[in-house]
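You will see two complexes here that share chain A, one where it goes with chain B and one where it goes with chain C.
Right after this comes the complex of A and B.
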């Protein structure tokens, strides 16, 4: 319900702001939100540049705003199901429907007060008028109020910022702007904090291209503003949010900044630390979530300010022309981060240099592979711990945990964490938390360093040895082993089998754009192993010759799903169709209790430009693909292999069927307690 | 039990020595041919008596015995003699448990046999025999189709015993399984060994029957004691230690003709419905869990 109110307020804010910002010919009644909306709409429409975003979002926002005084009806908190277009659609279709929204919006506007479902009819109308979308699904819980183009974002910001005060209980998008503007001018409440964040998120989100130049200019001020706001608000944030409705106080405060908000609106619109399209989230839910284990951030939906704060380190701009289906995953324009980070190397004193170095290595792709990344990260943390000194009046465990968290956020900005890294971080944090209080600082530090060394040694190095010893029993003479990509464990198995003198040959399957198999091929051939090299397109051609398939994994999930490099699922499927046993080799520390049913809900998006560059081809047909609104490029990094295709999983605990992964996860957690 | 006898007769003075002796004895058991073994072993050793060359269950049982016994040794007793007598106790208890296992399994299986059902059995398994015996004594009305079970001719032996119990029996040649499958309600087999994936290793022909039953949606129940759970994981039929049995065709085999004499096959877990064990009625995926808990 707070969502509804939030959106309503956002809308009101927008309306009032619109009236204040621009000399409006249309008079607006004091509380007539519909009229405000109506007056607002034409401005939005007129100022909207070619708008890649679908309109129903804005309309939905307006609809929600009209619900202002209505009690929430549904179990979802009174949120109208927002239609969001998912899948592949042509954004141009939205253009012809541009003229419709004003009319559509204006019509329900007057009647909004009476009709709760005001939001949906306009959307429905618009959709019925022929805007196509192959897939329309109601977005999960959040209101969409993104406005895509830079001009419209400004307008949208206005909408959001000037929220007519109704209730201050956590409304996100609403007074973000307002909150942000005045956050340091008055004691910010949690609400403002939320709004602040969301406002920034909004701002960031709007129009990536146009806002980039302005972003550079105002980023510093922006960052300072955010930091001050958040620092001040952070303490009160939780209580305010938890208490729920701090109606009066916040509202009055909201009203005040309404006037000043719009002044800052323009710079705010321009300043986007990280531009992303998203809907706003509800603070109360966020508060609840703080107790629960932190879910993965959904980048289409997010309280961006939190990221903005961390993102102070890396300036990222959102990529253009994103695939709709993967909008919940982060994607930034590659190539802008590395030079920026490199230039900042000597300025970032809160960041330890070895962590910084590892971050750069991730960004450039120098360090890749689950084990490699995890070891690099742990060694960097080890260095950081070695150089760490506890600030006065702070406990080592808490401060160090906070520092590690900040390092982790930085690393996430460079490249999203792999599951193995997440598990390692969890291990480290639990070790820090378990430090006896009586330990002196140096003892604690050495203990942590030895823990890290032990983790690397036991969970990675020795685990690999155990896996090799189990797997070698499955490699017989005259075997033809197929492997995909480059997995460190599989390479170890092949090396060991070759050392033992087994007579076998290897088929290395590779795929664009990473072509990781080439390095593996080079190393195997150098050792004298007979190899065949194919690209993944020929997998069904070669499979009849193969006797065993050996695959590595980034992680194995609780239902036996193997989460590995994109292409693994195809290899496993073809092997299964040919009746070839598939052996997945994975260390136990990479297992995770999560369950994933497809490759979409969690993945990593790589740089789409890499797909374009075909070595040996002079012409670049897709040079300006980003300008073409009909074209979206997708470069996935991982995929999920269903457990039916996997015959056996080889871990340091032994050989198991895919159904036994939860047992290993359980045993592994228990073992952690003993460490 | 042979291994219990080993403990009894051992003259080791430390735990480590005793363990080493036990290990040696158990390895010897696994290696020796079953015939030799049945002569030398105590008759109460459950696996030894099976004439199906069940070396898998034998080695599994030995491993489990070692595990069972050595688990206690670390925990208690400084005095070696007291420990040794405890080990002997536990060894004999292991034997008892194994014998009792069959009764537990028979009791658990009663719910699966209803009046008027037709059961297909394959191979001579004392566990399955126990199950059917108990069902007959409970006055259930059912009939049994028994495969011939070449080359061991186990089918005739099984049908003999069943007829003695008054159960209506029909013998089929191995090739007639698919032909008769639609009148069958369920398939009961024993197991030489239950492997980590949840599949079973059993007499040659089990895989075939399981495939036919699966394709016709008939349940396949495996009756196996828990000591038969082995830490093996065959990927295909050839991935096991070979066991051969000469086949008597009645006429000499022509020259230049090879004969497949393997005595065992591996049935993957997706063709098995349930495992009836003394640990309870389990699905095939639970075997791995049990093994992990036992061996980790």
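Right after this comes the complex of A and C.
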């Protein structure tokens, strides 16, 4: 068993964390925090009940003999990877992971624990190298990776890890540890199982903790905590008795999640348990409130605009001839701020120069594109954090958060944030807020810097690689791929397909005024890929030849709406009308729980003057357009593509239909997206 | 007709070189050319002048159509002129018949004319009389051209076989026919020029107060339509998609603003984003096919699809010279024209990419710049034409 465990671990380590095909064998440092138990007890017990697997912990603690009774497993990987599958997967792949109906029968039965681990799915390797890589959502990483807990309960966990429960949320596991008495809440199991079959029960359970009555049964929770501690001690004792082999495994197990998840937090972990508890103690209602997206600034609200102006660094002057429909969006004169800001470069005290530089780059359009902007911003923040010193009489976390906020508002003045940047900022702020108080300033700073590096690496760089590896399965010989604008991921896919020697043609669709496609075209042609270049007006002409449409996205909203460069919706619509599949490639960190129905309520307005500049055409019919109050020029930046035009979303967690976006958002927002 | 040949070849050249473009200009100039063809046509000794005239027009018309098959208006006008000739011929024949039956002591002129066509059966005559009397419709205007050569051929063959010498009265009859045809073509030209009026008369019935209208590119018909609504004190708002690659939307925006219409210029790519706030799409067309499909400036299919998605009425305004009796087959390709890629790419900038080619010699970089879009009839809510 330990061998098998090691195998899976090795596999796990080989695949990076962001590749989706990793079948994780639920590394779970058993950390039973009493407070957590207290707040979640009743509900969680009930949700633990339908756990199709016989409670592995119980098995581990109670009977060693049961292991002997198990049928021999295949040597390739006896561990049952518990995979939740979302999106497209072949029936072969999905079949084994549904031992639910037998389990449903087995769980209420008194012999549940003796049930052999039947129907064990094929080895993790089979799945990961499978022909159509199924979307496997690894169980969410523990929120408590910061505090790996005392080693003794973890030791007990070794056995648990070999056959991880389907229920993988940490809370649920805690609950399953607690649920010693089987009679506790068997009643709802049938119903829950029914939902479980639909594969969404986990989500429901995670989404609902706010409804848990908290005051209830504190005493019971305490009791349980004591019980838990005792059990942990017992397990530890047993562990000590055991052979050195499993102890070694325990060590490796203990070390690994910490290493992969949070390198630098390990040393301080022990000292920070207390503070961590405090963080988790927070009432869920408040947490939810914080999680809800902030209402956006509405620029037709006079008071708020006035207030914002007082704080502003950038001198904005209101554009003339504002478009009535977009009063709620900032409409300022473009091109005037840049020289002004450039002159202030050396005077500006409160702004860190690297942040300032990035702001100017946004303003001038030098840095653009969702990933590019996000990375530039994070690197600037990293620099700023590096040079940061806590002022006297202030705490680092508060002061730094305020500082970051001021940077962010400066960046917003330069150019409204993209949703992906908003997500990255949220991540950074949550990291700052969760910094243990005991950390020294330098430690905290290095911790944050490596957090940022990790975010860039995992959420953007590796995510892109994962997307490429998924999307490449959709590029076949003699394909004609159409892409719109210039998406970095799509370009990577095309490059990779070309490297693999696939024979395909690319249609690069471009649109004024940005003409981003020209740069993409140049790069593709230089690599020797056959390209056709059109502007968006000719899309209906070219669509006959196209076999697939590959699009990038600025963000994907939780109703499946793809929020992207203006024109994407038109391209997707025409492709839909011609029956051509539309694949949208987007990293999961760009997903957002916000919902948008049209392109008007939230958007960004570009410089209206650039509409008039037509390359190669001298005559200018609307030269002094601003003099006429009846005339407006509208330069939209984004539009919202309705989900029904999108055939598939390719993200780092796999390939999904647009209806599954909320699953990704909910499942990974806390545990995965924000690490 | 040696005198008209230079005129014809000049116009053919203009069409070929795309010096004349746009349905209205093409239709007008074709009609003018045909008028001069008719007026220069020397009525020979042939018995049937109408057939000879129609043949002459047809020869010129075939040249013009071949010069630029995309300009469907040319063919439409040629058909209209042929129809006029036929109509004039028949009306004079009908008058002849009438004169024969009603007034016993008729002129020699009519007598001889009647004698000329013994083969003309009563049924055909009746049909033609009906055609002449029926109110003009697309069917009668354009569809039954094949009938006229048939008649004229039978007529001329009988005339030849008879080998009758021309009477003095014939001269005046041919002069009358020619004169009538020329005036009728003049009317046609007037009709082409004034097709906007009957169309824009309907503007107030379709545009209500505070309407939001979207249009693509610039069409004179659309402009007149919106002007007419504005003149009737309707206040409305117009989104003008610029209509790349010609960017005539800018021109239209300028014209509308001068009339005091609230106008917003958007890029073509923003059409989908804005269409959800639009009440009606009003666009012009290049030609309307027999199945109701529209050959329109490029980008229109995108607009029509977006309009359908948001259940916005898609209204096409077009003069009747754009109505074409042909059925489209693969219109995206066959009724289209690829323009210079210089609209999209600057050759200077991309000169380094032009040299690349694959092993088999085909270039790596293709640039496609079509002119027209085909909008299938199911996407169109309403056609507004004159007549």
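In this section, the second predicted complex is superposed on the first by the 367 of 675 C-alpha atoms of A that agree within 3 Å, B and C clash if a C-alpha of one lies under 4 Å from a C-alpha of the other, contacts with A are read in each partner's own complex, and residues count from 1 in each chain.
Methods note: contacts are C-beta pairs under 8 Å (C-beta built on N, C-alpha and C of every residue); 3 or more make two chains touch, one makes a residue touch a chain.
If you're wondering where the values come from, they're calculated on a predicted model, not measured in any experiment.
Placing chain B and chain C on a common chain A by superposition gives a fit, with no clash between them. In the superposed model, A:437 lies in contact with neither chain B nor chain C. In the superposed model, A:539 lies in contact with chain C only, and not with chain B. Between chain B and chain C, C touches the greater number of residues of chain A.
Using the contact criterion defined above for the overlaid structures, shared-chain residue A:659 touches chain B, although it does not reach chain C. In the superposed model, A:511 makes contact with chain C only, not with chain B. Contacts of A:581 after superposition: chain B is touched, whereas chain C is not reached.
In the superposition on chain A, A:647 contacts chain B only, with no contact to chain C. Minimum C-alpha separation, chain B to chain C, in the superposed model: 18 Å.
Across the complex, chain C meets chain A through its residues 239, 242-245, 247, 250-251, 253-254, 257, 260-274, 276-277, 298-299, 301-302, 305-306, 309, 332-333, 336, 341-346, 349-350, 353, 356, 358, 362, 364-370, 373-374. Considering their complex, residues 196-198, 231, 233, 235-236, 239, 269, 285, 288-289, 292-293, 295-296 of chain B touch chain A. The touching residues of chain A, counted against chain B in their complex, run 474, 548, 581, 583, 647-648, 653-657, 659-660, 663-664, 667. Every residue of chain A that touches chain C in the complex is listed here, in rising order: 323, 325, 510-513, 518, 521-522, 525-526, 528-542, 544, 566-567, 569-570, 573-574, 577, 598-600, 603, 611-612, 614-617, 621-622, 628, 630-636, 638-640, 642.
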